[in-house]
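Input: structures, listed below.
In what comes next, chain A is part of two complexes: it sits with chain B in the first one and with chain C in the second one.
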Partner chain A sequence: MRRRMVIIFLAPAVLLYLFFVLAPAAASFYLSLFQTSGFGETPRWVGFGNYIKLFSDPVFWLSITNMALILTVGGVAIFGLAFLFTILINSGIWGKKLFRALIFMPNVIAVVALSTFWSFIYMPRYGMLSNIFKYIGFDQAAAISWTAPENIIWSMLIGLVWISTGFFTILILAGADKIPTDMYEAARIEGAGPVQMFRMITVPMIWDVIAITMVLWVIEAIKMMEFPFAFGGPTPVQSLLTPSIYLFIMGFGFRQPVYELGYATAIGVCMFLFTVVAVLILTWATRRDRVEF
Partner chain B sequence: MRPSTHQRIHRGIAWVILGGWGGFTVFLVLWVIMASLKSTRSLFGKPFEFPSAPAFVNYSKVWVTSHFGEYFLNSLMVVTASVIGLLVVALPAAYVLSRGKFRGRKALLNFFIFGMGIPIPLLFIPLVVMLSEIGLIDSLTGLTLVYLSVSLPFTIYVLQGFFSSLPSDLESAAVIDGCNDWQVFWHVMLPLAAPGAATVAILNFVGLWNEYQISLVLINAQEKRTLSLGIYSLMTSMQYSGGNWPGLFAGVTIVMVPTILIYIFLSDRMISGITMGGVK
Partner chain C sequence: MLRSSRSIFSSMLAGCALAVMAPQAQASELVFWSMWNEPEPQAVALRAIMDAYTAAHPETTFSAVWNGRANQTKLRSALQAGTKVDLMDQDGDQLIGGLQKQGLALQLDGLVKADFGASLLPGVFDIYASEGKHYQVPYVYNSVNFWYNKEILEEAGAQEPATFDELLAMCDAVRKLDKYALVVDNDDTYALYYFSYLLERKLGVNALVTTFEDKTGESWLKPEVLKAAQMAQSLWGRCIPDDARGFQYPAGQQTVALGDSMGNLNGSWLPAELSSSAGEDFPWGAFNFPSVEGGKGKQTDLQVALLSMIALESSEHKEEAVDFLEFLVSEEAQKIIVEQGSVGSTRAGVAWPAILEEAYQAATNATAISNIYGGVGINYPDFYTTILAPEQNKMFMGQTEAKAFVEAMAADTKKYWEAK
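Entry: the complex of A and B
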């Protein structure tokens, strides 16, 4: 391959990636050291002022708490379900491909479309859940306000888990499918059940796949915006605030303009640093000699 | 060997759990379509009954009055242009990153993969500032360029893996037959990469069709909204207009039917494309 071709083939991708992804990412580190509304006024240098302000901002900490909740509780639920579905789908039942396709399906529908449906489910008084509870005579349950500030994050999490589980299931399932079937045959002859086989064969054999999927979830959870934002509806509730949503509100405002561009960018930089740290910790925690087969 | 009673019970339970989970998704899609054909009163009064007289007027209203016709065209244009551009840019790059022999190849590949870890919201403000300066803010061209660029890391990663999985003896044969490097790429490798290219095209089409956070930040003018953004603004405006839920569900149906249709026909290919990227 000639040198000229290497350069010509790579140039457009590298330039676009530099210009629209890496340069803005790098610029945000710089921008986060200024106070500016972005409207022609000269940005004022504040050094780490934005970060110092962030650390004493209770709303920022609230968004971090929500993020941690999504990351951990959501993560446990998603991976628990993904493992369960992998065991069930691989237990030799009929319709493996169909179930796999159905479980993944929410991922192909626009998140904002799904959020309208979930809003209708949880709607107070007229919502689907209220209706179902009324119908079966659980009047107390029908009166629960699922979107009240203290409940809304859990209601949102249920929808989020439902959306995300499919993605992680198909990845773990694809890993499990690469394991030679004679290992399972041998285990079955020894009298192992599906759960035992999953724990003793599947998990160790696909450990690196599990590690990668966990990294993907961490990246996803830290930058979470679309579903909670749309789920909050016209008035974003503080209880649903994630760092990304807070960044958006500080940068562009919601109803009232805010335009704290430097401050908003500092939130983004924090998210990026969280991602790096979390991925490093996770890679370290899941490190292990690769099983060859 | 016939399954034992024990096994049968296990499989029965598996079937119920998986069927329930999958069935919920099917129910959701059908319910939304059904709801989009109802009047507000029957949607709230009898949420689980079929509409007695389908109210197609919900669709014409949302298509014309709420401008979903325009949004549909905008989405179609932006997403198609992004996907085509993406293929034009990413295929050669992925090919060189997989087959080229030059120093820093691996580093350059990792440099692209690193992009998958950058949280998109980090780019919001610098992108707005930058695009305003070059006059591409609030324009479909700007949105297309950003869509294309942020999709590069995943696309190059998957395509690079696909090129690496192709046998290399065809290339050597072509070289022996007197093909130059460009001809090898154009006549040999590109046709072989067509299935991989089709897979990433479909995945990106669906992903960008459904995207709304970037468009929310970059697009301001009503006539430039994409479909997902249209749903979002319709939802937000319902606070004032009193809640035309059937109309909202008609909009939701318009945005979700294309991707679901793609999925019905190409689910195997899409799933294998994603797992190809994640599981090596």
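Entry: the complex of A and C
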């Protein structure tokens, strides 16, 4: 009886998940085995042809390199800053809520507005950065073209770290807020400083929260599209391509009539596989005995 | 008597029914999906044209869907879902590689008047034809010219250049004012204007396409191609400021509005795009890309980006749709496009807005027209998007040498055709 009830209660959710998630995912994989423009012509079966073509496509590998850069360099910077903000905010400074709100603020602003804001910062000649350097007499630094093709990925990455840090800081702070305060008081009496308390108390006690935030970042980084795309203008330079942007260009006729829907779907399937593999590795690497408190 | 009354009554009833049904059978609502957003002046102009058509043909009404620039992509999904659409518009080059290539556009030959193309500006009706078959009716004319501030040119004491050497001399004159004559934005497409035009001036119209269509890749190694790449690079520091490498669209073109740069090689949409920052009284001038020494291309050859409307092959109102397409480029409709849309007309004899006067003269006197960015993107959009445009941008921005660029293009072109 109990088993039957479980099935009855689970059925709607399972059916919805099957219909709206698993079935489209399976259909996408099937579509990636065809060459089609998506305009209604009969798709041509190519088997794993799209994947073979993809693995010898230098532009795809460039987008993967950019993705890896965002994932690793961006990830280290974001989590480094998130930990730093957690230490500072939990150190008993005045205006904790205000600082928390300020750090989170970029997350409530439209990505296009943020990308415009960062473009103004970097703009040669008239931009904020250029003018600050000119003002303090660093003329050589003022002359740097931060958004020139060879620099633009790094400039974008700085903006991305600034935007993303707040979200992950809030998650880590929320976990840290649940740690009993007597632990910190005891540590303080023993003479521990903020960094020691963070390393010896906060991190072990919220390790599961940190692991989940890292998983969220991995997913976010692999499907990254909005900010680099908006930052790159109407036709982003190739050095800003991520797999998502490349998928969009190849499948949706962006400016040029490239309508390779099967190929674009193969990119999407690869992104899905990357996500699964990366999450599994991360879950394995961050496994620890759970601390109960 | 009764039978005869009944039959008279029946006949009257049938007559009334026919009278009611007849106009209903002829009435049709044309469904139009548009690349414009509803508040844009071009959309307002199209709405006025549709209203004018309905006033002349009360049986035909329109249902418009204002999709914006991704119109063709949105239509792709809608057509798959069985949505009935009669008319749509988009950039002509995008239509060739999209609906036209897929056989979803209605072929117009035999449906429009035999001399239909003659009423349009030179080359307009034929530019998007595939194997001599016409599918599109271009209704907005955009040309690629140098758009510049006349006051700065006058202050520099220079003239509009007719040759590349004169262009460099003009740049030197403007540099004396502590300004640069030209500016660019650093994305992949805008940067291609220079190289593609230089190649067409060297080797003639559509030179970029013909160079690419040599499946051996050897055409890239012609001295003229290398020279065109070197000439494009030579503009930096002399005509174009070095810091423009960092100008993200539209930062570069905004420097023209601010008076820091004199001009920009761009589409004839530039004055409209910059109107809010440059002001209504900005002294716009325009001139064609200059000729080059010993080149086959003429200074009067023009790169264009026309906007077209098509009727869908699946339309259930083909006759009405084609009739509307003809009306769209009539003198009456094109005057509405010019006045309300503030854009160039494709019809011969319909003057463009005053601000585009020089572009109108260039279009009227064009000895040949070719597609924007050299046209490779039309039939080979994958190569254009993933290889040509990014590699050319690297060359133009100085990340690779001109020689390395042409050699890479030769190798990539050969590889592309071998894989086909």
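Quick notes
Everything that follows uses one rule, which is that the second predicted complex is superposed on the first by the 270 of 293 C-alpha atoms of A that agree within 3 Å, B and C clash if a C-alpha of one lies under 4 Å from a C-alpha of the other, contacts with A are read in each partner's own complex, and residues count from 1 in each chain.
Just so it is clear, contacts are C-beta pairs under 8 Å (C-beta built on N, C-alpha and C of every residue); 3 or more make two chains touch, one makes a residue touch a chain.
Remember, predicted model here, so these are calculated numbers, not experimental data.
When the shared chain is aligned, chain B and chain C each come close enough to touch A:G233.
When the two complexes are overlaid on their common chain A, residue A:F85 makes contact with chain B while staying clear of chain C.
Looking at the shared chain after the overlay, A:F34 reaches neither chain B nor chain C. Taking chain A as the reference chain, the count of touched residues is higher for B when chain B and chain C are set side by side. Look at A:I93: by the touch rule set out above, it reaches chain B but stays clear of chain C.
Once the two complexes are overlaid on the shared chain, A:F252 sits against chain B and chain C alike.
Comparing the two interfaces of chain A, the one with chain B and the one with chain C have residues 38, 119, 126, 233-235, 252 in common. Within the complex formed with chain A, the chain B residues making contact are 10-11, 14-15, 17-19, 21-26, 28-29, 31-32, 35, 44, 47, 88-90, 92-93, 95-97, 99-102, 108, 112, 115-130, 145-146, 148-150, 152-153, 156, 181-182, 185, 206, 209-210, 212-213, 216-217, 227-228, 231-232, 235-239, 245, 248-249, 252, 255-256, 259-260, 262-263, 267-268, 270-272, 274-275, 278-279. Per the touch definition, chain A reaches chain C in the complex via residues 37-41, 57, 59, 119, 122-126, 143, 145-151, 231-238, 249-250, 252-253, 255-260.
Partner chain A is touched in their complex by these residues of chain C: 70, 72-73, 76-77, 79-80, 93-99, 101-104, 185-189, 242-251, 255, 260, 377-378, 381-382, 384-387, 389-390, 393-394, 397, 399. In the complex of the two chains, the chain A residues touching chain B come out as 1-3, 5-6, 8-10, 12-14, 16-17, 19-25, 27-28, 31, 38, 84-85, 88-89, 91-95, 97-106, 108-117, 119-120, 126, 128, 131, 162, 167, 170-171, 173-175, 178, 194, 209, 212-213, 216, 219, 222-223, 225-226, 229-230, 233-235, 243-244, 247-248, 251-252, 261, 264-265, 268-269, 271-272, 275-276, 279.
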